[in-house]
Amino acid sequence: MPLLEIIDLTKDFGGVAANNHISLEIERGEIIGLIGPNGAGKTTLFNCIVGYHKPNQGAIRFKGKDITGLKPFQTNREGIGRTFQIMSISGDLTVLENVMVGSFCKTSDRRTARQEASEIMNLTGLEQDAEARLTELPVATQKRVGLAMALATKPELLMLDEVASGLNPRETEEMVALLKNIYVVKGLTLFLTEHVMEVVMPISQRIIVLDGGQKIAEGRPQDIANNERVIRAYLGEKYAKGRRDRGSI
Amino acid sequence: RAQGQEVKIGVIYPLSGPVAHAGNMSKDAVSLCADYVNNKWPDLPIPIGNWEGIPGLNGAKIKLIFADHRGEPDRGADLAKKLIIDEKVVGICGCYHSSVTKTVSTVCERHKIPMINPESTSPVLTKRGYQWFFRATPHDRIFVRDFFEFLGLLHQGKVPGVKAVPKSELRTIGACTENTEWGAGTRDVIKEFAKQYGYEIVSDVTYPHESPDLTAEVRRLLAPKPDILMFASYISDAILLTKTMKEFKAKAKVFWSQDVGFYQPKYIETFGNDTEGILNRTVFSKKLFAVKPVAKNINVEFKKRSGVDFMGTSARAFTGMQAWAYVLNEAGSTDPEAIRKTAETIEIPGKDLIVPWKGIKFEDVGGETNQNTWSSGLIVQYQAQEPEIIYPLDVATAKFVYPWPGLK
Amino acid sequence: MLKVEEIEVRYSGVPVIHDVSFHVNGGELISIVGANGSGKTTVLKTVAGTLHPTKGSMEFENEDISASTTVEIVRKGITYVPEERRIFGPLSVEENLKLGAYIVNDREEMEKSLDYVYGLFPILKTRWKQLGGTLSGGEQQMLAIGRGLMSRPKLLMLDEPSLGLMPKLVDEMLEAVATLKKEGNTILLVEQNVREALEMADRGYVLQTGRTIHEGTGQELLETDIVKRAFLGL
Amino acid sequence: MRTLRDAFSFGDLPLVERIGFAIFIMFCTLFPWVTKGSFDQAVMIQFLIFCLYGLGWNLIGGYGGQVALGQAKNVGMSAYTVALLMVWWDIPFWLSTPLGVVVATIESFVLGYFLFRLRGHYFAIATIAVSLVWQQLFINWDLIGGARGVELPLKETPNFLYMQFASPIYYHYFAFLLVLAAILYMNWFRKSRLGYQLRSITSNEEVAESLGINAHWVKVKAYCITGVFAGMGGAFYTVYYNYIDPFSVMHLELSVMIALMTMIGGAGSMWGPIIGAMILIPLDRYLGAWLGGSGIIGVDFMIYALMVMIISAYEPKGIWGIIEKVRARR
Amino acid sequence: MEMLVPTIISALLMGMLFALVALGLAIIFGVMNIVNFAHGEFLMVGMYTAFLTATVFSIEPLLTLPIAAMVGFLLGIASYYFLVRYLLKGPMLAQLLGTFGLMIFLRYLAMCIFGPDYKTLEQGVLIGKSIKWGSVVLSYPRLGTAVLSLIAFGIIYWLINRTRLGKALQATALDVEAASYMGIDTERMRGLAWGLGGATMGIAGALLTNFYYVFPTIGILFCMIAFATVALGGFGSIKGAFIAGLIMGLIIDLGGTYIGPHHKFALVYLTYFLVVVFRPQGLFGW
């Protein structure tokens, strides 16, 4: 049984189908990359799965259970965690407290929550920033905080929306390493969307490509990178050429 | 308590907030009375002018301690405690609003301190069996009953200036009352007596105090074309009501209002000749001066100090303080129990008062305790912007103008 | 044209920029690179007048601008295209562009700018009536740059114009920047695509924790250790 | 057990705060014995009532960041329940109060359920609107006394069952106990799961939801607890003053006052409401008593208004915010 | 039934007054997302201005309109520069309560200066006049108010939607920082919005003195209705404020006449509540 199963999902915003009859499956333990042009509907798909949007049509199954139309907090309790493309947290909660809020999802005891939160912060390299407020931190660190908060809810499926945007190549590499580490340590299933190929290509076991709300391709990273349609719509000639030049991936 | 040269009385009025105007008038009136008691006033035709302090207390002077309750019952209660315990007053006078009078009298009852209330008209106040609470003014039941009795006389043709009015011509009532404690209480009484005297209430409108618009109210009030209009309103609403009725060119046979809003200099000033024919219940009118020289004499002084003539509320405040002076004098002691005992038995003659009452005598009758049974109301009618007395007939100063000319 | 010398900038009392100096000459494309949180955005915002230096000086065309407000600075001819794009969502593409020319009082002048921008980004012309908020990320970025160009600034500051764009658009965006430079615009560019940004640039600066630590031509900087190690991860 | 330990443990607070708390307790305990003035005593009790309101409001308005301006309706619901039960069926205070609190809480629950579909200003104004509706209904509802209010019959002698005493000391200690309980609750709350969740919702509701928090439900829960506090305050108010009417217990100005006080002290901090009440209540009462009879109408209000404006403009975190800043600097 | 037509007519007239009173609030909210508790006090200031100029110089009350508008404008700007500017940095709670402070301040300042009395104007072209056709009563002051309300709405609508200045105001409303990058002087825009808000209230106040009394605490009466009106229409929507004003007028008058006057305010707030529960952004909000 696949962990997540999306069947014929359609979401439209006032006539514009942001997701158009999308079907896909994710097995437990996989790392799936979701790519596609800007406005292809990736974030919308994420939001439908998590429950911020209610699909107009189609079904979403998680661990065999129909979760279509559940609220975000319910899908989270089912075991789906997510990070945000842009996360703006105001208020006076420190990083540690924010992560603890995540832990409180599964326990009501403060000590346990604190314990778990510190563990996760160690894992994500946030030990130094426990007492900081989110707004004071650089974007790269904010992204890690988002990751830590999602992890604290002990998800089985973690959905990452552009965790590497705005990072320079070096930081991107660190992020890839961190994701790989988390994947191994926590035994998660990862579903990530990203425009930075330096993240998607090396980490994904399978890549799904959306364009105009439809799934246009699906396959191993190498195949996708060479798929003419994907290159034309998304990667661009230069990327394809550059890749050939450098001969990497 | 408070022996020696001073005897302290706590006076609680709304000195700021929306009804500050009324509160300050009352403050002026009680101050004037205290001044009469404390100093020599050879020209004053009543005894207090010669007292120079309270004779029964070896010439102790009255010292008034004012407090401002802003119309809030809880603030009033707290201030009453301040006056009673911190200031050690021998008694309390006030509080204008019936709601505040309720909480303040409760504090007095608990602390066993006498309170004389000059002006709150809620009938409930004297129905609580309180031993320490005395009310000098007639209350709304009495006022409303007076009016219905006056209507009776009208039907019988006993009112000078008007032929007997057939019952069929004056049968329906439109009542319009405001929405706080006072208006709601008045409305109950109006309903009760209308039923008892055989009138039909065809429109019964209550409206929120200080409403930004009263069009719907007026429309509803006037729609069944009632013969008699009855009002209980504070000044702001009285002004707006009258303006709105004027827009509607309101007509009826009789226009009767309950003092307060409709019986203030401001009201007459605002509407001038449009006030012609409006009836008010009150306890005071300038026209009384003809029959009560003492009132005239005191009014001169009052006007000098506060810029306006006595009206219903201020005249009663003055009278309330006068009652305090008489009670203290006769008690000859500042012991609360002695004061209470005295108040229960005292009889103050009407000739000493500025209001046209038989006098002041606090009695327990008809389920009420310590209500001044010698008090009575007046019905006045604006004629050429002057409040002429038309009831009781024996003190009437003018003929009744009937029907009400309406607003044009 | 722009000369920034030893500025210090603070966020609620805490210095974030300690000592930054650089200059831009007319017609140049200058890149500023640096790690996340090194203060690039802060520097641009300071030049744009939303923040003010607590030390040091800033001159634009030989006039001191360190205490000028944003409005004054825009009027002097510097526009800033912010990292987050900040499109007016409920307004149409064209309204957004016209607001870009707010300081231009001459109608004809504005029409010309509009044509220029539409020429540069034809896709905006086809979308002129669409609400800004409903554009895709790439389109929004083009709109933001176009809006910045509407007042025909003497100096255009771009903060990470490729952020969040798909690879194909990143290339297009960088090409558009190159075109702008070719047309004679003066540009101050902040980019995470360090390699491309430095390759295009006439000169560049490297920022580290609020200090300029290197200056040189794009090629020179690409050769430095710090750029290779810290940014390119080679 | 854990819960109790959390409630009573102030160990995580800085020493200064613990000392402050001890002084506060001592002060309240000894107050009736050191003060001679009964007005002081009355102000003190008023202060305690507002502490209670404020501590409760702080939950939804401070920690929860929801600008609810309808506390007065909860106060009123409970006050009316207590008063009417006593007047109609002579039910003693100790029985009617739990009922009053339950009524206030149910009302909070039902309304909160709908109100929390709204955000920001819409929410704030809707709370005002709802409380105005309630006030109007109560004013016009003849069965429960309407505008005439409800007056409790006085008992002959001091009576514990009906909480009628001549001496304010009893009221003082009872109110103080309520406040103490409220403080302990808040001390637990700020460390509890609910506390964290509520603060997280304040920071960013969308993110909070993604962390498995049912934001709507958490807000409704907090609103109900706020209702409990207000309900207790209302019940106490009723027996203390013996008279209620829709103007004194359901007035918008009461709601605003509660919010104002909490903000002045520092919304979202445990001491905020207490500090706020400590400043505003005496200011209001003493200034009113002092200037009220003086003929200068309104000066006291203006002083008060200036203070409100200055604090909300320069230190929206209130006095507590200033204290924290000073502490951070050292 | 015979009451229906006159009721609807007077309801619409009243509605236009409510709309006018709400207009200033809608402008202010539209440009900076802040609810002004002192809104009613601006009205009060407008009323006192009109009252004083009309009585002191014994001129026709209608001629005081420009003066009252001017005073309102200045008051709005002053409020912005001395208070609101700082409030905007804080959370919503502080904003609301800060303007609440302003409300108390203005109210009691007026009380200090003018005393707590009620004041009315007795002389004027419109004052106290009305025409009556059968059961339809049209009072001149109300008619005048309605006409001016329409004009004010027309002007403001045009200003915001059709002019460069309006676009700048809108841009400021949407995103201050971005607007400032466009070279828009956002401080000026915000000050201007407060000025405009104040000016409309000045006008409303001057009109109101033609058929209403003035006293220091009058503000809150209208303020609460304005709140509900603006929220019902959708914050920041000029069109919404107008339509909601009419709806309010209809509810108050029809409800007051047919259901009972004592419930009319409860009805207004209840309607507001029910509408927003089902449409949380108000009728025309976004």
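Structure notes:
For clarity, chains are labelled A, B, C, D and E in written order, and residue numbers in each chain start from 1.
Just so it is clear, a contact is a pair of C-beta atoms (placed from the backbone, for glycine too) under 8 Å apart; a residue touches a chain by one contact, two chains touch by 3 or more.
Note that the coordinates shown come from a computational prediction; the quantities given were computed from them, not determined experimentally.
Any chain that touches subunit A and also touches subunit D would be listed here, but there is none. Any chain touching subunit B that also touches subunit E appears here: D. With every chain reduced to the mean of its CA atoms, the largest distance from subunit C is reached by B.
In this assembly, the chain whose C-alpha centre lies farthest from subunit E is A. A straight line joining the Cα centres of subunit A and subunit C is 29 Å long. Centres computed as Cα averages put subunit B at a distance of 38 Å from subunit D. Between the Cα centres of subunit C and subunit E there is a gap of 43 Å.
Rounded to a whole number, the gap between the C-alpha centres of subunit B and subunit C is 78 angstrom. Subunit A has no residue in contact with two or more other chains. In subunit E, the residues touching two or more other chains are 111, 115-116, 262, 265. Pairs of chains in mutual contact: A-C, A-D, B-D, B-E, C-E, D-E.
Per the touch definition, subunit B reaches subunit E in the complex via residues 16-21, 179, 205-208, 210-217, 219-220, 223, 235-236, 239-240, 243, 246-249, 266, 270, 272.
Interface residues of subunit A facing subunit C in the complex, by the touch rule stated above, are 35-39, 85-86, 136-141, 162, 165-173, 195, 197, 233-236, 238-239.
The part of subunit D that touches subunit E in the complex is made up of residues 61, 65, 67, 69, 114-115, 117-122, 124-126, 128-130, 132-133, 136-137, 139-140, 252, 256, 259-260, 263, 267, 296-299, 301-302, 304-309, 312-314, 316.
Only residues 11, 33, 35-37, 83-84, 135-139, 160, 163-172, 192, 194-195, 229-233 of subunit C touch subunit A when the two sit together in their complex. Subunit C makes touch with subunit E in their complex at residues 48, 50, 70-71, 74-75, 79-82, 86-91, 95, 98-100, 102-103, 147-148, 151.
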